[in-house]
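Each of the two complexes below includes chain A, the first together with chain B, the second together with chain C.
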Partner chain A sequence: MTHAGGHTERVKQRTHEGFLRHKHFMFAQIATALCVVAVGVYFFTAASLDEPPSGGSWIGYILGTISAGLIVWLACLGIRKRVITSGHYSLKAWVSAHVYLGLSLTVLATLHTGFQFGWNIHTLAYVLMMLVIVSGALGIWAYATLPQRLHGNRGETTRKQMLESIESLDRQMHDVAQPLDRAGAELARMSIEDTELGGGFWTRLTNGYGNCANRRAAARLRALPPASNPAQAEALTKLEQLMQQKAEVLALARRQMQITAFLEGWLFVHIPATFALLAALTAHIASVFAYW
Partner chain B sequence: MSELYKVAIIGSGPAGLSAAAHAAKKGLSHILLEKTDHLSDTIYRYQKGKHVMATPVILVLRADADFDAGKREKVLDQWNQDIAAAGVNVKFHADVKAITGEKGNFTIELTKGDPVRAETIVLAVGTQGNPNRMRCDGANLPHVQYQLDDPGEYTDEHIFVIGGGDAGIENALGLAADPAQNNTVTLVNRGADFPTAKKPNVDNLFAARDAGRMTILTECNTSLVEPGWITVDTPQGSSRYKCDRIIARMGAAPPRAFVEAAGIEFSGPDRTAFPTLSPTFETTKAGIYVIGALAGYPLIKHCMNQGYDVIEFITGNTQLEAADEPLLKDKLKHLPGNRSVADWLEFLRSRVEILNGLSPLQMREFLLDSEVRAYKANEPIFIRNDTGSSVFGIAEGAVKVEVDPTNPNITVPIGQSSIFGEVGLISGRKRGSTIRASEPTICVEIPRMAALKLMSQVPAAREAVQRITTERQVLQIFKSGLTPADITDVLAGAEVIDVKPGEAIINEGDISDDLYIIRSGSMIVEKNLGGKPVFMSYVPAGSYVGEMAMMERTPRSTTVKAAIRSTVVKLPAEPFRALLGRKPELAKRMQTEMRARQEINAFIESQKEEFGGAVDMYSSVANFLIKQGIGEATDVLLIDESLCVGCDNCEKACADSHDGLSRLNREAGTTFANIHVPTSCRHCEQPHCMADCPPNAIRRGPDGEVFINETCIGCGNCQRACPYGVIQMDKPPPKKPSLVEWMLFGRGPGPGQPDNEWRKKAAKAGGAESPKLAIKCDMCSGKAGGPACVRACPTGAAIRVTPDAFLSVARIERTA
Partner chain C sequence: MAQEFHLKLITERAGGGDPIVRERQLPGPELSIGRAADSGIVLTDLTIDPQHAKMRFSGPGRITLESVSGRPFLVGGRPVQRADIDVASRPQVEFASYRLAFEPGPDGGAVVTVTHAEHESHATPKVFSLQSKVFGRRKMAWVFGSGIFVICLLIPLLFAGLLSQSKIHPDQQWSTGPLSKSHAFLETDCKSCHAKSFVAVRDESCKSCHQASHDPAAQAKVLAKARDGGSPYRPTLIFDHADPKKLSQSAPLPDGFGAKVTTIVQRTLGHPTDRCASCHIEHTKVTPPAKGGDPKAPLADKPKMVVVNDCESCHSKLKTRLGKTELIDTPDWNRHPAFRPLIMTSAEGVKPTFQRMALTGAPQERNGLIFPHRMHLDPLGGVAKQAIGLGAARGYGAALECESCHRPDATGRSFQPIQMEKDCGSCHSLAYARVGSELRLYPHGEVEKTMMIAGGGSMGGSNRVRPGTARPTPLPGTAPPSAVSGSPFRPGGACFDCHTITWTPEGRPSVQAVKLTTSYMPRGAFDHATPEHGGPGQSKAGGYKCADCHKAAVSDRTSDVLVPDIAKCNACHGQPKTKTAAASDGECATCHSFHAPGKATPKPGHPPLETLRWSQITAGKAPG
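Up next, the complex of A and B:
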C-alpha cells in the first residue's frame, strides 16, 4: 500500500490474538523476567545480611520506586481507555501489559515489604494493592471465560430487541385483557406494571427474581376459577400464553444481565480499591519521607 | 395524378406536428400523415393523467405549437388546438407501407387508400412501434406486455415493471399511486443507477419506495417467466417472486426494415443504431429527412425544435442556428482555433473514439452536458487523489500519466482519440495518478452520469470503453513492462462476461485453458476433496485466475465460481502463451505467482487428510463470510465473540472520534462460529450507496475507504440503497464537557455517543438546530493510528480485515 502525506496509514492485522496472547505473550515474558531478576537480586543481597532487607534498604527503595511507578501507570489504563486519540496505540497492548505487570506487583511489592507487616498505613497500602490484584485476577478469569457464554446466550438478539419484545408482549396483554373481569384484568395489570426487568446489581448478579410479578401473575392466573363464558376463557388462555412468552424473554434478558454483571462485578471492587490504594500509597510515601 | 405536396410529414408526434405546424404557418403545401385517428400516438398512449415533463430546462422551445410541462390531457389539448389554429392538413388512418421515388417526386404508399406524392419527406415516426422485447424463457407468455394504457385498470395484482427508464418508472408510479388498487408493484432495473431517466422521475420513484408503495430491485435481470411467477437474478443470487403481470419497458429500437427499404442508411449494424444524418437532418437518401426519436432524440422539446428546424432547412434556410446554438457557442467560445459550433462538434465526434458512433444531433445533446477544455503543455488535467468521476476524451494532443507517485518523471503516454479517467465510471475512486498534457491538448470532459448515458445509448461507445478498460486492466495486472502493442493479439479475442453469483467460470476437471481477469466482483476457488467442495481461496477483483491450465496445459485443478455478481474478461490461451514466449519476464512472474497458489492448494489438500474438521471449519466460515456480502467488501470489521466482553468501547471510540456519533452497532448483525459481523460499513468494492447520491458526496478515499463528504444534503438515498443497513441519518450532538470534567465532577454524558435525553437538553440550551445528514464509517480516514474501533478494543476481539487477508489468517490459525 502506498502512503501519501496526510492519509490514514492502515495497520493491517495479519495475526489475530487476544489480549492475553498479545505479541506471543510479550508482556508475560517481560513481567516474569522482572520478577526473576527482582527475586534473584533480593535473595542474593539478603544472603549477606542478618535479616531480610526492608523497604528502607537500597534494594527496598528500588523495588518501592518501581512498584509505586507501576501502580500509578497501571491506574492510568482507566484514562487511556476513554481518551480516543489518533496515535498509534492499541488498547489491547495496554490491557496485556496491565494484566502481566499488575500480576508482577505481587512479587515486587512483597519483596519491597521485606516481609514486615503490622497494623499501620504501610501494610494497609499493601493489603489494598493485593485486593486490587485479586479482583483483577477475577476479571481475567471473567474476560477469559464469559464472552462465549455472553454471546451464546443472546444469539443474534440485541438488547434493544429484547426490550422491544417485552414491550410488544405487554401491549398484547393489555389488548387481550380488555374483555376480562376484574380479577383477570388485575393479573394482566400486575404483569405489565409490576414486573421488574433488572433491579439492583446483586439481583442481577444472582439472577434472583423469585418474586417476579410476571411469574406470580401467571401462577395466580392458573389458580383462577373456571371462566364464566367462552370469551373470558379464550382471553384467559391467550393471557397465559403471553405470560409464558414474556417469562421466556425475561429469562433470556436476565441471564444476559447476569453474565454482564459477572463481567462488570469485579470492577466494583477493582476500581474503588484502586482509588483507596492510591490514597494509601500517597500516605505511605509521605509518612516514610516525613519520618526519615 | 394526385397533388404533389412540397413536404409530406410522416408521424404526428411532437416532432411531426411541430414540423407540420411550421409548414402550415409558412404557407407551404404539406400533408401530415398519421396512422391512428388522433395526433401524437406516443403521448396519447401515455397512461391517463401522467405528468409530461419539459426537459432539458435550459433549452428554449422554438416551435409553432406550444408545449409546457403538465398533464398528458392538457398537453394533447394544446396541440390539437395549435394544429387546428395553424390550419395543418392532417390525414388520419394513413399507415405508410413504403416510400419510393426520388427527391422532387416521392410516392408514399399507404395500406389503405391512394398513395401520397411529395417533393420531400420528413420522417418522424419515432421508435415506439418497435419496443425491445424480453429475451428470457417464458417471455412470450400472455401476461407479459409492452404497453400500459390505464394504470387504473389493474387491481389486487402483483405487477413487475421491467426497465428503469422514464417509461418504466412512470408506469410503476402510476400502478402504485392509488393504494386502493392494492397492487404490489416491483420495478426491476438492470443497473444500479437510473442514468437514462429524468431526475424528477427518479426522485419520485425513491419517494414511492420509501413510502412503502413499491419495491425496487436494482442490478437485477429477469431470468425466467412462468405463469404466476417471475425469477429475477439479483447480485446476491436468484429469487422467485409471485407475479400476475409483467410490463416490460426496456426501450425501443428504430423500425429499421421500413426505414432501410426507403434507401436510408444507418450508422452501424446494431439493432439500436440510428439513421446517418447530415446537420440538416437529411438522410443518405436525398430529400428524406429524419427527426425526433428516430433521429436518436427522445425528448419532446428537442423533437419540437427539430420539427421547426427541418422545415426551415427544406425551404432553403441553411443559415438557421439550432435552438441550442447559443448555449453551445457560449460553452466553446474560450477554445483556441476559432471554429464554428458545427465544426467543433464534428472535430470532437471524429477525433474521440468513444464519440465516433454519435450522430451530429446526439453530439449536440452530449455536449450540453459536457465541457471542452484546452490545456497548455505540462498543465495538470487532474492531480492524484483529486476527487472526480468524469471521463476525459482526447480530441487533440496527448497526455502523460504519472504512474509513480514518488517520481513524476516516469510517465505513460495516452494519445489522441483515447480516453482517460475511466476508472471513475466503475467505482468512484479518487484519481489514481496525476495526468498532465504533454503538449497543447484539447480534451472533452464527460461527467459520470453523461458518460453512463452515452454508454447505455450508443453501443459503439460502450464497446470502446470496455476495450480500453480491458487493455488498461491487462497491462496493470501483468505489469512486466508490457505495452499496448504487446497485447493486441490477446485482446483481439478477449470477451467480457457477466457472471451470476454462484455460477462457475471454471469447472474442476474440465479441459479448457483460457485465462480470466476479474473486472468487478470476486471469485471463490473450490476443490472437490473426498466428495465435498472445499474452499481454497478468495480472488478479489483486479486479479486473474485460470493460469495453471493455461501454462501447464493440464485439466482444470479447481472450480472457480462467482461470490457475488461479477464481470470477468476471458483471454484466449493461445495468444497469451505466445505473449509469454515473447516476454520471459512476464512468464517468470506468472510462474512465481502460480507456484504460490499451488502451494496453498497443496497445503489445504494435505491438511484435509489430517485435520478434516479444521478444513471443514475453514470452509464453512469462509462460506458464511461470503454469504454475508463480504465477498464484495474491501475492508470489514469482525468481532471474535470468544474475546468480546461487550464493553462497547469500540462504539464509544467511534463516537468520540467522529463528532459524537457511533457509526457501528456492535450488537446487531449476524454471527457464525464465533465470528460476529457487526452492523458497520464493509466499504464495498462497488458501493451500493454511491449509486444515487444527488450531490455526488460519496467518494472513495486513497485507502479504499468509502466516505461521505461535507456536501451531503441529507436526502437519505444512500441509507436506503445500503443492503447492510450501515448508514444512519443523524445530526451531530452538541459538544460534550471534557473528559476531565466528567471524571472529576460527573459533568456531561461521559465517553461515547450521548443518550438522546442529554442531546435534547443540550441542544435546547445550545439553540441552533443542525440538519440530519448521512453518517457512515470512514475507516477513520486521516487518523494516523487507523480505525479507532480496533485500537480501542481492550481484548483484541475487534479486527478489520480485507476478505482475502482474513481467510489466509483463518487458515493459518485454524490448522496450526
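Up next, the complex of A and C:
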C-alpha cells in the first residue's frame, strides 16, 4: 500500500539576517566610504602640509576627533546591550555598526598617527586600540563559525548529558572497584577524583589534556599484574572498559570546552583592553593638550 | 552475656532529608573493618583497603583498634596504627570518609555508630564556560584601565614638577617623538619648554636661550643660561622680526580651507600660529639620513622648520590688518617697492639725522662734504695726474678707481669707513711744516687745535717751542702760519676744498660737520663680495662691476645718492637662466633675514650644529 494522499507541509520561509548582513551591509558601506574619504583626503593633503603629517595637523585633528568619538561610542555597546529597547535602533543594528565602524578605526586612527610611532603614551593608545580591534575581529570570526562547530561536535548530546554520563561512569567505577585490592582501587580513585574536566584558559584553548588522570589511570591499569582471583579479574576488565568510556565522553566535552573557549576567549582581551584603551585615550588627549 | 558490638549505620544523604539508619548486632569480641564485602564493618571508600583494620574488646569498657593494612586511621584527629579507647569517653575514630562513634552498650558491649556523608557534587553546564575559570573580565578591565589612568596621566600631570630633579621623569612618556640633536639635552626636562600645563609653548621659553640683544650684559646672561642649562651648543641668537603684537596682527590666515579653519581654531584655543614653536617643529618624525649620510646622526640636528606664513603673505595688504604702517606691500619680488635708502638730512649734532627717501624722487644727501666723484674718477683730469705722480709705491700710480678710496672690510661684503688721512691724505695733505724728516700735520677734525697751530684768530700764535724741539720749517710755497691768519680755512687752504666753511662775526671759522653714511640700506643685505656684485673672483657672464650700478663717474655733487635702484638687482634676480648667465633667485631671504635685520639668511642654511659646540667656539672656530 502506498501512501498516496500525504499532506502538504507549509513551511514559513524565514531567513535569518545576522548582524554582519544587517540591512544589506549598510554599516559596512558607511565604514568603507568613511575610510575611502579619509584615505583620499589624507594623501591629497598630506603632501601639501608644511610639517610631517601628525595628529597635530588639521587633518590629524579631524581624524583624531572622529576616532576618539567612535571609540567612546563603540565602548558604549557594553551599556547599550544591557538596555532593552525597541524601534529602529535595534541591538542588531548597534552590533552591526559596532563591527564595521570599529574596523574602520584601523584606517582612521592609523592616518591620525601620521605613521609616527614611538615608545610613548600615544602609541600605547594606538596599540591598545589595535588589540581591541583584532580581538573583536577574532570575536566576529568566532561568532560566525564556531556555533556550528559547537553543534557539530556535540551531535545530539547535550552538555548536561555529558556531565551526567561522566558522573554515572564515576559511580560505576566506584562500585566496580570495590573487590579490588589497594593498587586497583587507587587507580579507580585516581580516575574518579583526579580527572579535571576543564582546567585553565590555555588548557581549554589548546585542548591539552595529555596529563589527564583518567588516561594515566587506564594506562597503569593495563600494566597491573594479573588478578589473583576471577572476581578481581572481572572487576579490572570492567574498570578498564569504564575508563575507556569515560575517556570518550571527556574528549567530547573537552572539545566542546575548547570551542567555547574560542567563542568566549576574545572577550577576555576585548573588554579589559577596551577599558585600558579608554584610559590611555584619555591620557593621550589630556597629555597632548597639557604639553601643547 | 558476652561483650558484643551493636552497629548503627547512618548514611547522610547529600540531597538532604532524613538520614538512612540501619542497625544490627555483631556477636563476638572481634570485628574486622574494611572494604571487603565479608568485613564486619564494610566501608566502601576506595581509599580503604579490603582488610583495613580490626577491633576487639580488650577489657571492660575498652576496645583496641589496630590497622592490619598498615594504613593509619584517625583518633581524635591524629593518625595512628593502633589505639586503645575507653568507650565511656565516647571516642570517635575516622576511616577516610567514615566516622565511627563509640558509646557504652548494654552488658559491657559497645554501640558503634558508623556515619558516612555522601559527597555528591554535580558539575553544572556552567563548567563549559570560560567565565567559571578565568580571572574576571570586569576585574581585569578595571585594573588595567585605572592602572593606565594613574600611571600615564595622573602621576605625570600632578608630579612632573616635583620629580623634575629626580631620575624618574613621568612626563617623558608623553613625548610624541624625539627632540632634535640641538635640543636633545632637554629631553628629560619637559617643563623647560612646556612651562605651564595646558598652555602652548610660549616664545618666552625659547627666547630665554635664544634672544639676541644689543646689550652685551643681557646677551651674556642669555648664553650663560643655555650653557648652565646643559646645552652643548651655543644657541643661535635671534632678534624679533617685529614687535610681537604687530607680528600677530599682520599675519593673515593661511591659504586653503583646512589651514584657515585650523588657524582660527588654534588662535581661539590659545595655540596661536605666530609662536617660535609654530615654525620650529620639535618632537616630529625624523627624516632618515640620506644614503651615505652619517649613520651616527639619526636625529635631525635642528628643529624641523616649517613656514606658517611666508614673507609675501604678511607683506601683502598689510594696512588692512595693521591699520597704520609705513611698510609698503611687497606681494612678490616683481612688486618690490623702489629702494628707500636712509638719506642723511643733516650731519650736524652728535648724531646725524636720516630720512628714508625713495630713489625715484632723486633725493639729495647732506653729509657736509664737498666731493665730486666725477673729478676724482676722470682718467684724464688733474686728480688722475696727481695720482700717477704719487706713484705705485704709495698705492697709486694710475688714475683713481673706486677701490682707491673704498676699501673692503674684513668680510668683503661691505667697506671700511672713509678715513680722511688714509683715503684722501695722500693728495689732500694736512702737512703744514717739516721737522727734520717728519711732517707736521693739522689734526683733522679738530678746528680749535688747527686754529692754534695756524695761529689765527683771537687766540694768536706763538713762536715759542719747547726746549730741545726743532723749530718747524714752513713748507715751501706756504707762508708761515702766523703770516696768514687761519690760512687752512681760507681758499687754497687744506680744509677749504672739501669743507663748507663760514666765518663768525668775530672772524672765527666754522666748519660744517661731515658725516659719511656707512649703510644706506640697513634692512637689507647686499653682499659686495659676490663676484657678480663686483667682488673678487670670476663672475658669471652678465655680472656687474662697481660702475655698472654706481654712477659715480658722472656725479659732480656730493649730495648725489649713488645707490642704484632695484631695477639693477632685477636684471639678474628673479630672471631665468636663459636671460642671463648671472641669473639668481628672487627670494626675500636672499637679502632679508627673518631673525637678523640687515642680514641675509645664510645659504644653504645656518652653521652646522657641530661648529656651535662651546669647545669649538672657545677654540676660536666659531662660524663667521
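Note that the second predicted complex is superposed on the first by the 265 of 292 C-alpha atoms of A that agree within 3 Å, B and C clash if a C-alpha of one lies under 4 Å from a C-alpha of the other, contacts with A are read in each partner's own complex, and residues count from 1 in each chain.
Definition applied: a contact is a pair of C-beta atoms (placed from the backbone, for glycine too) under 8 Å apart; a residue touches a chain by one contact, two chains touch by 3 or more.
Being a predicted model, the structure only gives us computed values, none of them experimental.
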_According to the stated criteria, A:L278 is in contact with first (chain B), second (chain C), both, or neither; which is it?_
second
Chain A contact check, chain B vs chain C, more residues touched by chain C
| task | Applying the touch criterion given at the start, work out whether A:T260 contacts chain B, chain C, both or neither, answering first, second, both or neither. | result | both
Exercise for the section: Check the residue A:Y291 against both partner chains and state whether it touches chain B (first), chain C (second), both, or neither. Expected result: second
Next on the checklist: Which partner chains sit in contact with A:R159 here, chain B, chain C, both or neither? Use first/second/both/neither.
Outcome noted: both
Quick check on the superposed pair: does A:S228 touch chain B, chain C, both, or neither? Answer first, second, both or neither.
neither
Where chain B and chain C land on the same part of chain A: residues 158-160, 260
In the complex, the residues of chain B that touch chain A are 384-385, 405, 640-646, 649, 652-653, 656-657, 665, 667-671, 674, 676, 701-703, 705, 739, 743, 750-751, 779-786, 788, 790-797, 799-802, 805, 809, 813
Chain C residues touching chain A in their complex are 35-37, 44, 46-47, 49-50, 69, 122-125, 127-134, 137-138, 140-149, 152-153, 156-157, 171, 173-178, 190, 194, 197-201, 256, 258-259, 261-262, 265, 270-271, 281, 284-285, 304, 306-308
Listed in rising order, chain A residues that touch chain B in their complex are 1-2, 4, 6-19, 22, 79, 81-92, 94-95, 142-143, 146-148, 150-151, 154-156, 158-160, 260, 263
Residue set of chain A touching chain C in the complex reads 45, 48, 50-52, 54-55, 57-59, 61, 114-116, 118-122, 124, 158-160, 163, 166-167, 174, 177-182, 185-186, 188-189, 192, 197-201, 204, 253, 256-257, 260-261, 264-265, 267-268, 271-276, 278-280, 282-283, 286-292
